[in-house]
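As written, the chain order gives the labels A, B, C and D, with residue 1 at the start of each chain.
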């Protein structure tokens, strides 16, 4: 389900050329890295892009605001960014737009519709989708662990809110423990290790994805505990492990990869280029999270690529290889 | 006209002299950046720089007072975050602002009491920071909230390219500097910072000075929360995190000794400006941000090396 | 004028199991100087601290002019009590003027009025005939000058009761004279002065009355004119100290260590020799380079020009460690900052030098260590509650003994360099330390004794090298030298 | 006055140790009584094995604190170590030894840099290790460009996951105890170890007494760097993947563990035995809070509170330390 291709927009753009700004909200895990890589890959396709200005916000809202302002000072035509806080970015986006710069959001929302466009997965929906699958898998009955991302992080809060709605409607489901494991494998592993010791009769794990599901699987295995259904994301590590488990005939495990694709930035660039070309663009482009299940797992898993790869990509194999060769 | 001699104290005058190298460096760097980078001298960039410096200046000023006393405050980030959260979750404007500032004052006073009870400042403020952050997260679990419009109007006002928050921050810094050098409290701060045992034995009001210093740091961190709101228009329990290390860095680059009693709050201004300009230059030149950490670390070590060398020369 | 100004009634203070002061009562009268004497650890500082309010008594009270005092140091100060503490209490990061009026600065429309501050302190210093600039940073002052500033600070409040806890330990003779004049002026003005000192000559000169403490209780009280020197000493120590200085030794051994043509850091072509079996004294007024000589010999400071020699050969001592390796030990003058390992026990403080020599290898042998510590403790008559008592809890004299005892465990000590080793040490302990130094010398160790206490040098040293302005101005034979000869050389006059 | 000797030792339990172990015991009881398999040794030992990284890095931190230092770079070193281990090992069991050697060597180099800057340039430890930590973190980003490469060989993961044959004792716990044993033996039973306390108590006095103080400081920082890299090795084995951020929380946690165990930030007081208790407290308490489903915000509050209370208690126990605080 690819969006508009680069060639079309370059023809419609005439001989105009543009400077684009891209702010990476963070570069601290492989998902955020790939988010930028997808953008870079997409930008290569446009010969109407004169220059791309990259900045990095280190998950710091104020740095992000300064970064956007520095792009404004350098006279960019459009900015693609992933808001770190939906509320905090509104004023600076408004100022950029007022200055004639097209701002396109990728992967996180802003609290007010002051931007040109947003390409996003609804994280509330992301949370719901996994939760619905898990409830059904457990037959509406059972005790579960919840693994959230960073405490206070809006994405984490939104996903959990979505999931919570589903769990609240199913009184048979009991959340026995909620923990913040920061989307991190090590943190998830430690957390689940201790949760498991306290609640050995757990029936399922609702994880916000990232690398946490892998951490949970490892904790179960290390404890010699029968695996249970767990939600996940499109982390290649998880998909590989899952494939292995199926091959080994594991009876307990099943999963669903609710994917928030890293190519959101590529799509956002496409939208930005359309807008610069004077086209009407749809403001809120909410993408249904792709669901990876045992049935379509084969299409996504990439046994030839590293664990830190995120499978739902738009990059070509060449571009992927470059990402992993540094 | 006769020359009027300001009755400024020796400490005040020596603190004016002390930071001249740093002032020169800050001015030269800023001028250099303005000449070399056209984007740097645009009003947008200047305003952005000043707006981002405002909270740092406020937090670092408080940090400087505490470091002068021989302590350190790792809770400033959490206090700043709590202040933004309180403003964003309280409807009435005066109540919101009063609540935020009171919370800062209270957190600072608690730190001061802990330190007076003998808890190491590093540990006391680290632990207190955890508690404050927990409270802030309980009140507002994800960034957002609704900052009263009147607050936003007030804090985002601009005189030309100069944001009011920046002016306020510089004003507060000057005031605090003046207090640390010209008020009795400041003199006691330097004395107790250098040798608290001595001060105690002499019956100097070490307790009051300590309490006041930490309370000031808490209050200024809460103030900084308002300056952050001027940029983010929202509350965020985690929004102060970067200021912890940044404020310590600014204070150290300013040449204030971690051992207490030596250095000038005024030097925090050129130090913060220097760090802010370097940051802005990295941003505007598109330098790979991965090198940012390395650069920051090297600047810190270089600065400390220079100060250390200077202090060694001073000694007979 | 003889009215009672200060009255202590039944003061009692214990630190844990240690009774520091037990039911002590005494009075100090207007216009008189009261001497408070006693051995190290007798409780003098504790008693004075209670009067100044910095230590709270367990029982008893302090009254000034009949009014009982309550509260801490600030309340006592308000009642007119000022104290010069045994340990210096100035802030080196502030100027002299800032220190003297700390917390009481004159204020103008812009906060502290520095002009008035400097003028006021300047006038005070002039008045006291102290040649110290009010705007000089205290960090630039010599220890003696600091002590004088400390005294000026106490006098600045025009106290009704002035307490001086060993104020002369860093002072030169002329400075002591100055202090004498200052106290007399205060008493003439109707104040009472309490003076704690271990320098007996001084006490007889300064004081009108005397109170003797022993083991925390008052054992004697009388007019100064009614006691003799020997009587005072035996009241203090509970036995007779007939001989302070041991008999002199041979004093003509072979050169072991020395300096040859050392210059720089204020020294000019200093040559000096320490001989095996002899005590080599280094005399001079404070700050004329004697301390540098000690530090260079100890490896704590490298000479800019010239050499250190050992057994006649030039050597480079890169650090005290190198010196220790060659058998040179050092007892620094500032025991708190340079000598003691605070927070650690007597045992750890004593064995730090010995290390493997006592243990015989890498691993510690606790029994051997304990036995070694025991030997030192007995030999020095060191008083502590156990080998592991933190040295911070010992009295100053016992702390000093600990420092000294450290070097008794050196496996091959050849030279012991001491800088003011008996500062603030009571007469009994001093006799013991002198005896030990002589004993070490008799065993062949070369002793280098840097001291500002001229009596000590004249009584003990086999040879006295006198310094002035970084130069050696003369070398005198210890047995025949007179105080006058030493003094002339010390002020730069030819002998 | 007599020439009586002194009793050699006070037969008294160190009050800091008594309090920190009492607190650890309380947390253990809480842990045991609030969950179903409560005191099952298998569970408790497993739990401790999983936290070997914290236990080990806290021992390094203790050594540095003893000589009046502070190591804020351990978090960055831990992260870098997981990255380097994975890159060198590249999933190949034959390369385990090389990877371990390379990682430990790197930790030693960072420690050496810290030590040299503190001991020779005379810069405050807080600053040196803050700056060096920042540089190490930056270097990790530059080296990986954000994408750690390589992988952890399956065999190596046994270090974290396996128990010693026939016992409920995890290898990782044994590793931690082994490191504790070495540190404790050095500090308590060797002449050189004793000198660490001398350096911490008064560096100038120790130097004047001929103790090689700079060498002791440098060695302490090297040990801290090495132990941080060992913690990184354990985490790499534990999670099976490299991470740019996994070490972050360990910096302040290691300091917290040491001070809860009675180690003085002013140097010369406390030791590995106390630190061990400090880690137990943090691990048991954290587990209790987590399994009782206490919200993250409340966990922060409780942990902060415990640290403050412990510091107040330690302060009460040791008024002598006040003067040096």
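The rule we apply is simple: a residue touches a chain if its C-beta (ideal position, glycine included) is under 8 Å from a C-beta of that chain, and two chains touch if they have at least 3 such contacts.
None of these values were measured; they are calculated from a predicted model.
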| item | value |
| --- | --- |
| Chain separated most widely from subunit B, comparing mean CA positions | C |
| B-C compared against C-D, more contacting pairs | C-D |
| Distance between chain centroids, defined by C-alpha means - subunit C, subunit D (Å) | 43 |
| CA centroid of subunit B to CA centroid of subunit D, Å | 31 |
| Where subunit A and subunit D are represented by their mean Cα positions, the distance between them in whole Å | 35 |
| Set of subunit B residues in contact with two or more other chains | 137, 141, 290, 292 |
| Residue list for subunit D, restricted to those that touch at least two other chains | 141, 145-146, 295-297, 321, 323 |
| For subunit C, residues that touch 2 or more chains besides their own | none |
| Residue ranges of subunit C touching subunit B (in the complex, touch as defined) | 53-54, 72-74, 76-77, 85, 89-95, 97-98, 102-103, 105, 107-118, 135, 140 |
| In the complex with subunit D, residue positions of subunit C that touch it | 238, 298, 300, 319-321, 323-325, 330, 332, 337-344, 346-348, 351-353, 355-356, 359, 361-364, 366, 370, 373-374, 377-379, 381-390, 392-393, 406, 428 |
| Contact footprint of subunit C on subunit B as seen in their complex | 5-13, 178-179, 181-184, 187-188, 190-191, 194-195, 198-199, 201-205, 261-262, 316 |
| Residues of subunit A touching subunit B in the complex | 24, 27, 53-56, 58, 60-63, 65-67, 69-70, 72-75, 85-88, 90-92, 99, 111, 151-154, 156-158 |
| Partner subunit C, residues of subunit D touching it in the complex | 1-10, 189-195, 197-198, 201-202, 204-212, 264, 268-269, 320-321, 323-324 |
